[in-house]
Structure formats: structure tokens, C-alpha cells
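Order of writing sets the chain letters: A, B, C and D. Residues in each chain are counted from 1.
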């Protein structure tokens, strides 16, 4: 769907004692290119550090924009990693510059870092009250940000009051002997914080809990402690990005107590209810639409069959200028398992259609290889609006749902039929089990009350932004 | 299973007129690293060329071993691309050296090239009879090789009499306008030859036919012509590498008239007959075992469910020295979809087990994430013997089937049970549809008689090599 | 002597209209590695730009420290390139941080840039008075800095009141036709500013004049205009770095109206007066000591003869752990022209001796190749003190003049004798023609009076720093 | 003058025991790029090895052409390094190909290697008589080649009967302790062979002797032994390349008993006799013409003064399309020491003029910087003819001596006068001390008689080639 190649990465570590002794390594490109044995060795000064991987978003791709940002303040160095995009960045930049701060990048992350350094009152400011500074920052800007702020031996994990971007905590499990046996699992070896829980297993950690919307969590070697929860304006529901479920997150990630894979399968099931079709088999555009396809197939009672196999070693596919080249590109990316569908009526589940440039040659390929009918079912609603909260969505003009072709989409992409999941269907697929759990679990009451009313940001689908946008 | 990363690549093109004017570009590494716009532009002198991609096999990894090999002979330059490994290479090398030829590499491909240059009679040899030279070569060495030999404007495609390595021909389809419309599809734009048919679609070609065992095909701009078919010794069956079906080939490739995917699904079905198990769901180690898993699930009547999702951007996984690191490595490569199998009895279909180093931590991961039972079914027989015909198989000592742990394999890898497909089961899965077709299709009679008795090389599974090995 | 390999480079260009539209390209390494055709094309938006090359100095070698620094201020972006080191940097950093500015690097150049952004009064500051800001900066810090500050279509060139670091202006000569003919040479095509005049010829410019100590020069497309000259404290002489003459500058550079080569030759002549020796020939350690050697030879009346030839393609020489490896390293760097000095008494002129690790194996090599006597004459006084004004001098302990071996230096390095130039001899060699010119040229009176009393910084030789150092 | 950048390098080492165990490392580019600590470690299997550095010559620049060549023969592997170019290569290639050997490169070095492998009689050839094979090779081709041939624990050093290319032997001096003291210098640690003696000092060796024209030397761990001296045809003088003296060799190299520097200085002296000029000072185009300039200045009694200083860090200079860019390029490469020659009449000694593209802008630069007159004296005769013996000389059309401009060269390059050294002057400068030595030293008689009549190849100057050229 969207370009998701990491374009920069950085790690800052602290020795936990001196407020000056940060080790920093950042670079452009894939993580494996940025870090090697040497740079990792250089960084290894303690068990304390924060990192950041940047994907294509609105910031200009330059090394200078690489996170984490490190600045020296009157109270020592702080390092800040930020995920999100401030809806009032322009006003805040002007405010800082009026105060005499020169800003060296266009990134919101530098802005946040300087706001933390700057936050008044600064006269007679001989102690650094970082929590006050963080709350000050949160009062200046409502959304969207998940933050990690490191100072000496403390990491502060912060989620904006709307909870727009994810952030969760994992617990490092004791290793025991080299075969994983021994040691008591109930002990805690340390803590990790991440946007996505899926990364925990691979570093020997287990999912502990989410940082709540508005919550400021203090993480030290042995302790995870809630310092405060900054509330939203009265009546505003939370606004976790629904697009994380639909597209960005890995299927094995957990948000709001549910596995992304399960949400996607429910979307497929819901789609089967909303848009059934008489066909012989259900298949997927591998791999991201597979959970929805399995859900659709199961709900319909049709067999799930593979019609395309993904080719290894295919590099990034670029937008090709004509149908012929697009078709060759698709045939390079996917192998066609023609014996599996020759003479059959095929339902293809895709997770989204942005420009139609991929699905269209796939349909042509399937027909030429013998498919009798090709029906497209999209397991998410059409994207129509820009995101100002950190997701790099194509321009309004590029989105197929805003183009004239959309009125006769099946014909345009060459399908026998095409139906999208409704917004309501998506929201209910996402919220169904959250609501069920809220009702059944009394024990969650406290947290629920602190987290406030549950909602989701559907701005890219509906144009309803969780806060008023400032320019 | 085996290391399959391309380690070198090369292309040689001919302007089709001068016998001296080859353009050569070769390099180590992935194709995308070896070739760029500049090198491709340099190579583009005509529509005639041969290329080669080398994966890890027995030859020493040095640029000098990169194919295609080009040598100047009395009759102009020839370029040779070779897939396979000669079973009597040592004797042939000695023969050439005794004749006074210095060999600059350890590769069979140089050996073949020099044999073509050398083949007597050379006195009064003023015309180059390349077919005679190729037949001479084929008489010197029975297997295994698929060859492309380019001279001026002709490419000779050759498969050894046993047909051990694959080779097939594709037909370039006329393009028409840029959206693929127009032009008459019955015309032929040109010909392409490849080890695997799966590559044809992505270059705008369609599958035409296989080169038969022993066949010498002459390919020119407008024509594909059989020059001769060199027979095997009386009574010897053909010996196409069964491992191509099991592991090497892409699932959308076609060998001997059948799609590899279909063979793999039949292996899964056969495995379900040979080794059923009482369980709640069937799953796969993505992605290569998925066709077998779907076949197994269907035959058993159990639901097919995903338990692991493959993580993008994971580099090569190296052999880790202990269980703990192996488990972290597996958790980095695969996400665990725990909600899909918590409390369930799981059957995992794998395509093969070489060392047990991957399946073992997967099983542990599934158990720790809530699987009640984990049964392993392997959709191929255990590998026990070395291959001397071009496949880079681990040493006999490394193969798990030759180790003491094999006697209690389920316990060793931590599974509730583990069963392999039988050799007979594999052979019947492979030959079932070939035989059916042979019987039903009278039109194939001629070809069949020329191709001789159908067999497959199962040497790595049974130790029965198709020809006697020479040292 | 000292490590002089460029370690980073950067260029910022302005389109001269928008205060936002800077193009920036920076990188680590040699200029040729940092810039290529693509990056230069990207930068080419107008004829306006500033650049910076960084050699090893006290700042940490990281991309973040690369100059020019660009920050956005309330009045648009400024880009700043800086040569030098602030003697009161620690106090100024603290002042800025107390004001709430987070500093992201340890470099004085960021400090200067933020001071320019910050300089109060900022309330109701709706117009940007950059000259006031620059003067404010100059009042905050006395030395050492030469600055280029770019804002929209203006570049400000600034030298600190002591004139410690060089800065001079060149005039672009009209090109005429492609063979340099045509066009009137009296026109001016534009202006260039550089630390060293030697670079002008190679870009088609000619030397125009130096920026004076304390001078603020405004450079626009058609005009070079002095805005102000900030004076030194009453009675303080100027303090141009004498080391530029001795070692750093290229021999064809012009400082204070004299060619560096001429100063070096005068040093050789002065050395011949101070430390003559009975010998057969005078030679040099090529290439930096050659002017002094020719001066020495001429003054003594001895023949100038080459005894060593420099080997091309020798990479950086590293400090070798023992005499044997040092000698092999020297023999790799220099060829020995033994026939030129066999049986002769040789005087070798070197420009300086830092550790003695180079001259010592050279002497050994000359003796082994037949030199009867080897006398060393050093065309500068011994370095004894650290520099806090931008020159990266080895630690006090490493400097040979501070080590016990210095008391018996000839013996330590294996020479028959060794004598250094006196500080007075160096100062008089440097100032001789400046004073002569000041006396003779009445036309210079104005400038002279504005520049104040002429002096030179000899801190690394004498420990007398031009200003009090702050910590 | 000519492009002299190394374009490939290679080393082959032998463990001295097995005839199979060569270690090979080759690559394109500068030696420092080709070899690093890892590759050198890999190569270090014994004290036995041969290497090769290739500069731009007639062979196509591809890795495949990199030397040393290694081939496996019936009697084990041999590695061959070759300097030179065979005058009858075309006939020899055809001969080998007729025998059935495919040649994979266009290089003479592969040809030589295959000729050594091939040399009959091969029937019943159970012992490898390498000397017979080498002599056979020498009978097949008269010139030009210097060879190193390694087999097991022996290296054969061979120079062609005309001695066209250099080859000399050095003796490794015992190291003693790490400061070079101790051990008896009369022992021998081992032997090294090189084209140029200048490399010996830097690896701890001393010059031992030249390999004579036609000589086959066997070098083992402890011994240097002449196996045979293959004579030239009756009456042919030797033909060492005179261009090595003029341009290629390093000034500290020794050929035929004399230092190259001394020959060049004599050329300058001879030039002063042949072409004196009334002037104020003599200077050089640094650095290669400096010995000739010092010789010229001394002979004339004029002062030697530097007018240009070479700029460090200037990359390769490319041929620029117009005078303006050439002049900027020259001004980038050289600094102009204008104070040294303002108002003076300057004689510039250059070592050669190939196209006039460098000297012409230098003259313009000197004039613009104040030179009153600029006279050019070239310390070698004009090159007029191609070299077929290994030197990469520009095409006849590019050589200035073959162009119409040559008739009015002073005017073309903008000089007040220009004079070349005569061929006779060059030959006498080269042979003067050789002849003197031959006459005085009776002890050399034996060697002299074996080496035959002394001559030099002046083909590029006179068109008189030492042997008839075959096509």
C-alpha cells in the first residue's frame, strides 16, 4: 500500500550515571546498514538506551532529522525519540524562535526536544523537574506523539492524551542457562518499550502492558511507575490510529488488548457479511491480506486457495508508467499458480487499494492464466483524506477514491466486481472485542475510567480529525 | 533448508555477427548488485545473450568461477553457461591437462568450455562443427549438465541424456501497444531459455516446452530446432532431480508437464494418508511448506490456520551456537499468532528438516505461546546422502538423518510426534500425473519414445545414483 | 607534522530570495568523497553560497558537527561557517542553556549560530538587524573566529578583533570566451571569500584583500562593503597565528601582504645566520621544508641537492611502534638518492620536529646509504604549549620539546647536530617585510590605524596567549 | 605525461610444499584498495609468493586480465607474473588455439601461462622439466617479457634475451632486534625480485643484482642460481627500454648499474649544452623534471628557483575540453609562487611534452603572474612512434610531435622558445657511465660477454624496433 521502507535509524545509550555520557549512533537506510558490530559495541555502555527507526513520513529525509535527538540542557543531556506529528507544530516553532532558539531541522522531534529544554520558568531553575517539563509540553500540544525521553538513568515513556500513536511496555524474562532452563520466570530482568509488541519475543521479553493515552511512565532499572495521566478535554474520546490495525502494524502485534491478526480476520468475516459473492474459491494478495482472506473464506464456506506466490529477492517495485510494464512488474513479484484456479471464479481479498496500479495487473494476469471471474473484496474502507498525525499518505489527488475512475472502479481495474468494507464494519471489527472485554471485566474499571471514552481516529477515511488542525 | 542466496551472476551478449564481439559483465553477489543501468546498457548490443546466476554449490566462490565462461577458439569466441556438476570431472580434467591445457579454475564450467574448444579432430579443422563438438562432449560425460552455448548468432541449448538438471524454452509474446493490446498473439517475437519456467511471465514470455533429456536444440532469431537427441545407455531411466520438486524450484515452475505447487500439495495429501494425527488444526512453517500444509489439511478435514507470520526485513539467519539464541533468531524471523492456536493441538507441516535447528525453537515458541500439542509432519523423506550432481547439500555428518538424535527425533526437537513422507510416497506424488498423462495422451508417444523410460534421481534420499560415480 | 586530512566538508547555497530556500550538502571525509556531480547540481541554485572544510581539530568527528550550520530564526534561515575556537566557550554555552536553548553538539560553531539567533533584545523584534547581532556576538567573545554568515542574498564575512584566524576576499575575473580571451578584466564577476588566497587562481579569481581584524564585511552580488571594525582592548596587538606561516598554509598563500613561501625562505636564511654548519650540501625533507632549505643553502653558499624523493601513492603513515617499522615506513614514503650524497656531509632542513619519529629513521637511512655526517636544522622554534584557538596540537607530553630526550636531542635522533630557529628569528622573519611595507607605504596609513598594532600569536611556542583563557 | 595509475594488483602465495595450495588475491584499483589486513592474512602461508601491479597498458581493463595468472597443469599449479608485451602474440595465440586451447582473455600473460603448460613433448611427460619449458617459451618469442614463474617452492625469474623490461634481485637483510641492531648483516634472510630496485629498502632488502638479458634464474629459500642464459641472434644489441630512464622509473631506482636520478640530471646537463638560453632562473614542473632542472641550472650557472608548488589532495586530472578549464585545472594542481619570478626570465625544464595540454596553461599562468619570458626545455626527445613492447603510449595522432602544431611549437604552447633534448644526447646521457664502467672494470668481463653488446630500445623516439614486428 504505502512505502514502508525504513529510511533512518538511531540509538542513544546512557551509562546511567553521568548526564553527559550519551553514546549516539545514527544513520540513513535500513537498520542492518546503519548498525554493525562496531557501532553496537561502541553503544554498549550499560543496559539503558533508546532507539528509533524512521519510515517515510512527512519530514525531509536527511541525516539531520534522524532520531533520537540529543541536546545538552542546563541539567545535562536528554535524548528524545518521537513517533507522530504535532498538529500545532507551526505555532510552536514560531513561539520557540521568538524566544531566540534557532531550529536546525524541520522535524517535530527537534521541536519537542527544544520545548523540553526551554520550558519556563527558567529563572532560578537549579533543579530539573522533568515531569513538570513533560506536562508543560503536553499542555502545549494535544497530539500526536508517543515519546521516549532519556535523562541519566531514567527513561520517561509518554503517550499523547488521545493515544493516537501506539506505545507499549515489555518485561525482559530471565534467561537461565543457555538453553533457557533454570531461573525463576517471575523475576524481572528489565524493561523495554516499543511502538509494537511484536518485537518483544525476539529480544527475550514478554508483553507487559500498553502506555495509556496521556500517561507519563517513569522506567528505571527495576520499576515501571505511572507518574501522571494527563486528561483529554471533557468528552473527547481516545483516538488510536485505526490504520495501524488495517495496514501498518505487524499481524502479531497487540493493541488495546487484541491481536492485529484477529482484527484483520474479523474484517474479512465482516466483509463476507457485507459483500458476499457467488464464486469457487477465495484467495489473497500475499501476504498482508491473508488473515482477511481466511476470515472471508471461512464465513462464506468457500475454499481458501493460493493463486499467487510471492517471489523472494524482488527489490522495491517502482511505479511503472504503463500497463505493460506494471504487468511485468507484478509478474516479477508474484508467481502465478495457474493450475489452482484455471476455469474457476475467484474472489481476491486485498487489504486496501490506493492507486489501483497493483490490483489491476494482478487481475489481468489471473484472467490470462485462466480465471473465469475475478471479484475483488477490499478489507478496509477507501482512504480519502490526508493524515496530519504522522502517517505518510499519498496526496488527495493520487488516492483512487478521490478520482473519477472510482465511480466505475470494477471496470477500471478490470474486475467482475469490487466492494470495500464499510467504515462502520471496520470500526465494529476493531471495537467488538474491546467493548466485550470492557463490559465483562470489572477489574479493568479503574484503567478504563482513567483512559476515558474509547474511540479511534478514522480521519483518513472520514475526514473527521480528533482535534482541530492548526496552521 | 539449504543456503540459496545467489553468490554470482553474469551475462554475455553477442552482436550476432562478429565471432569476436561478445560483451561480458559478471560479478559477485545478488543480481541487483551485479547489474545496474550502466552495465545493462553496455551489454545491450542485440537481442542475443546468455546469462547465469550461481547459488552456493561446490565450486569455490571466486569471481574467476563466475559464468558464463567465454573463450576464444580457432573459430571465434564461444560463451558457455552451465548448470550441474560432472560426475567424471576429475578424469576429464586430467585428460585435458595431459593434452597441455592449463586450467585456471576448479569449475566444471571451464572444463566444459575447454572440452568444446579442444574436441579433436583438430588437424585441417577449418570449419567449426559445433554440433559434432557438443555430441563429442556428451559422449565424454553422461551427467549432469544443462548448457547454453552461444556462438555468433546461434544459441545451443543442451540437456544431459539423463535430464538431471532442468531446462525449458519460452516464447516471447508480441507486445502490441503499451497497454498490451493489439498485435497478433500467434506470432513469435523470439525465444528464451531458462532453468525454471516461472521466470517467463515476468519478461513477457510464455512457456513453450522443455528441452528433453539428451536433446541438442538450436535456437536462432526465428526458429527452435532439434538437432539431435543423444540417448542414454540401454535401459537407464531418465533422472530428473526430485529435489527440485521438493525444495529448489519455485512453486509456479513447470517440470515434466506439472506445476511444482501441485506436486507439493500432493505430497501433503500423501503425508496425510501415511501419517494422520488427531489434532485441532494444521499449519505451516511459512512459506515453502504452505502447499503441503493446505494439501494435508484438506485431506484430513482439519482447518488450515496460520500460527506464524513471516517478518519482513530479516536478513540471513546464521547458525546460532545455543538454543537460547536460536529461539531469539526464530522469534525475530517469525511473529507468533498466539490467539490462533492457544490451547489447541497443532500439526505443523515442514518441507524438510536438515539440522533441526529451526523447527526445534519454533516448537518451543509455539508451546510457550499456548499450543497444547505440536506434531511435526515433514513433506519429504529425510536427506541422507551427498549430491554429486550440482546440489550443495550439507555434509553427511550434519544431516540430522545420519545422527544419533534421529532415533528419538520427536524428543530431540521437542515435538509430540514427527513423521516424514516415505520415498515411495514422494516418488508417487511426483510421477502420478506424469504417468496418467503418458497413458492418456497418444500424441505424446513420439516424444516419450525419444525421452525413454521416466525416472527420477533420488540419490540424496536413497544413495542410488543414476550413473556410477568416478573419482 | 600534524594530521591535516580533511575530515568533513559542507556547502550551503541560497537562492538569494527566499530566506527559507537553502540547499545543504555535508558529509564526512575528503571533499571529493563528499561532493559529486549530483550533490553539486542539487546545490546549484544561484551564485551564492558558503562552504566549509574541517580538518582534525578539537571537536568530535561526527557528521552532526559538520559545518556550515543552518538554523531557522524568526527572520529566516541563516547559515554559518566558522574557523577557530572560542576561548570562552564554556561560559557562553552555559549562558545559552540557562536561557533554555538545548545544544545538540559540542561545537563552537553551533554555539555561534545560536548566539546569533538568540541575541536580545528579542521582544518586539520584528526586524532582523544582523549587524547588531554580529557585533553583539563579537562583544561576547574576543577570539578566535573567522566567520561567514549567509542570510538571503547577503554574506557577512567577519574576523575576530585579534585577527587570529585568516580570512581574505577574492575577485572573480570575467571569463571572456572559452579560451579566456575577450571581456574586460576590470569588470567584476563576483566575490569569493576564503581562509587562504591560494585557492583563488584555481577558480578563476584573483586576490583582492584581507578582511581586517575585527572587520565586518558585507558581501553582495556587486559590492564588498565594510560595515564596521570592532576594536581590540586598548593596547592589545593583533594576534594572527604564526603557525599558519610555519606549517599550515600553502606556500602560495598570501597573509598580511606577503607570500608564505617568502617567509619560509627567510626563515631558512635566518637559520643559516643563527646556526651555520660546515658541510658539503644542504637538502630538505620534501616537500614542506624546501623553501627554507633553498634559503639556507643560498645564505650559506652551499649547493642545494636532493637526497630523498617522495614516493607517490603512499597512504597515510601511522605511528609505528618500533624503530625498525618506522624506518621501513620512511623508506616506503621516501626514495633515497644515495648517489647524490655518498661520502658527503649533509645538512637537512626540516620545518619542525614534533615527536622525532620521522626525522630519526631518515637520518639512519641517510647514514646507511653513505652520508658522512647528518646535521639537522629546524626552520621553526620548538612547539611547547597547547593551542586553544583552533589548532589541533599533540598533547604537551607528546611534544618532544617537553620530553627529557630534548636535552640531548642530537643523540636521541642520531644526528651530528640539531639546532632550531629562535622565536625571535621566526618573528623577525615574519614581520620584517610587514614593517618595511608599513613604513614605506603611506597609502596604507588608514588601514593600519584601523587594524591597530601588529603582533602575532606565538602561544604554542611561548605560552603567551593573546587573551586570558576562560574555563 | 602518461596515465600511470595502477589499475589492478594481485598476489599469489605458495605453501612451498603442495603444488595445489596456492592462495590467490587479485583486484581492480590501487594496491591499498585491493589488499587489506584480511586478504594479506589469507595470503600469508609461507615466505614464498609473487605479485603483480598493472598500470594502464594495452590489455582491456578487466579483473579477468589481472595477474598473476594461475593454472593447474599436469604437474601442479603454476603462477605467472608478466611485465611486457609479446611482439608475436597474434601468431602464438593462433598456434595455441589450433591445438585446441580456448583462450579466455586477450592478455599476453595468459598466453605465456598456457604456452608453459602446453609446451611439448607431452606424451609420456611424467616429469615436469620447467627449465626446458621456459627455454621453449623463450625460443617461441624473443621479446618483451620479464617473468616470475612460481611452482611449489621455486620461483623462476626470467628476462627476455633483449632485456627490454627490467628485473632485479634484492637480498633481505637480517633484522636483528626491533631497533635493527644485533644479527650479522652478511647472512641472507631471503630473496626478493622486482622490476624496480627502489622498492627494496622499504621492505628491509638491499639491491643484489639485475637479472641479465636472456637469463633464467632459479630462486629458492637460500639460493639464487643462474640456470641458463638464452642468447640473442648474432649481432643484436640488448634493448632495455630507454623510456624507463626518461619517465617511468622512480628516480631512486637502479638500472644497468646507475641511478635513474643521475641519468635524468645528466639529461638536464646535456640539454644545457645543446640548448642554452639567456635567462634569470631555471625551474621545473614538479616533481618529475626536478633532477633535470637542477642539472640544467648547475651546467648553465643559473639559480634554481621554485615557481610552482604542487597541491596535495588533487585527484586525477582529466583532459579538459578548452583552454580556460585546462588553466583552472592546472591552477588547482599547482600553486603559483609569483614572488619568486615576477619580472624575471624563466627557463622551465619539463621531462616530456605529450599533448601540450599541461605546459601550455602553465606558461599562461606564469606570464599572468609576472614572468617576463618563459623558455621551455624538454629533457627528452619527442615521442613519435607507438610502443609494442608494453608501454601504453597515446596514439600517433595524439602525440604532439606528429601534429602540425609541432612545426611552430613555441607559438602553439605560448613559450618564448622550446627545445627538446636530442636522441643522441639522451642515449649518451644514458650510456656514458655504463660504457665508462665497462671499460674500467675488468671483473665484469664475464658478465658482459654473456650479456652481449649493450644497446637501448629507442623505438618510441626513432621507430627503430629491436625485433621485427609480427602481426
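Convention: a residue touches a chain if its C-beta (ideal position, glycine included) is under 8 Å from a C-beta of that chain, and two chains touch if they have at least 3 such contacts.
Going by UniProt, the chains are A, B, C, D = Amidophosphoribosyltransferase.
Owing to the predicted nature of the structure, the values given are computational and were not obtained by experimental measurement.
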Moving only to chains each one touches, count the minimum steps from chain A until you reach chain C.
1
Of all other chains, the one whose Cα centre sits farthest from chain C:
B
Could you tell me the distance, in whole angstrom, between the mean C-alpha positions of chain A and chain B?
39
Centre to centre, by mean C-alpha position, how many angstrom separate chain A and chain D?
64
Roughly how far is chain B from chain D, going centre to centre by Cα mean, in whole Å?
51
Provide the list of chain A residues touching at least two other chains, using ranges where the numbers run on.
none
Topology of the chain contact graph, where touching chains are joined (line, ring, star, complete, other):
ring
Provide the full list of chain pairs in touch.
A-B, A-C, B-D, C-D
Taking the touch rule as given, give the residues of chain B at its contact with chain A in the complex, in rising order.
6, 30-32, 175, 178-180, 198, 201-204, 250-253, 258-259, 261-262, 287, 290-291, 294, 298, 303-306, 309-311, 313, 315, 322-324, 327-329, 331-332, 335-340, 364-365
For the chain B and chain D complex, residues of the former touching the latter:
24, 62-64, 69-74, 78, 93-94, 97-104, 110, 113-114, 116-120, 122, 125
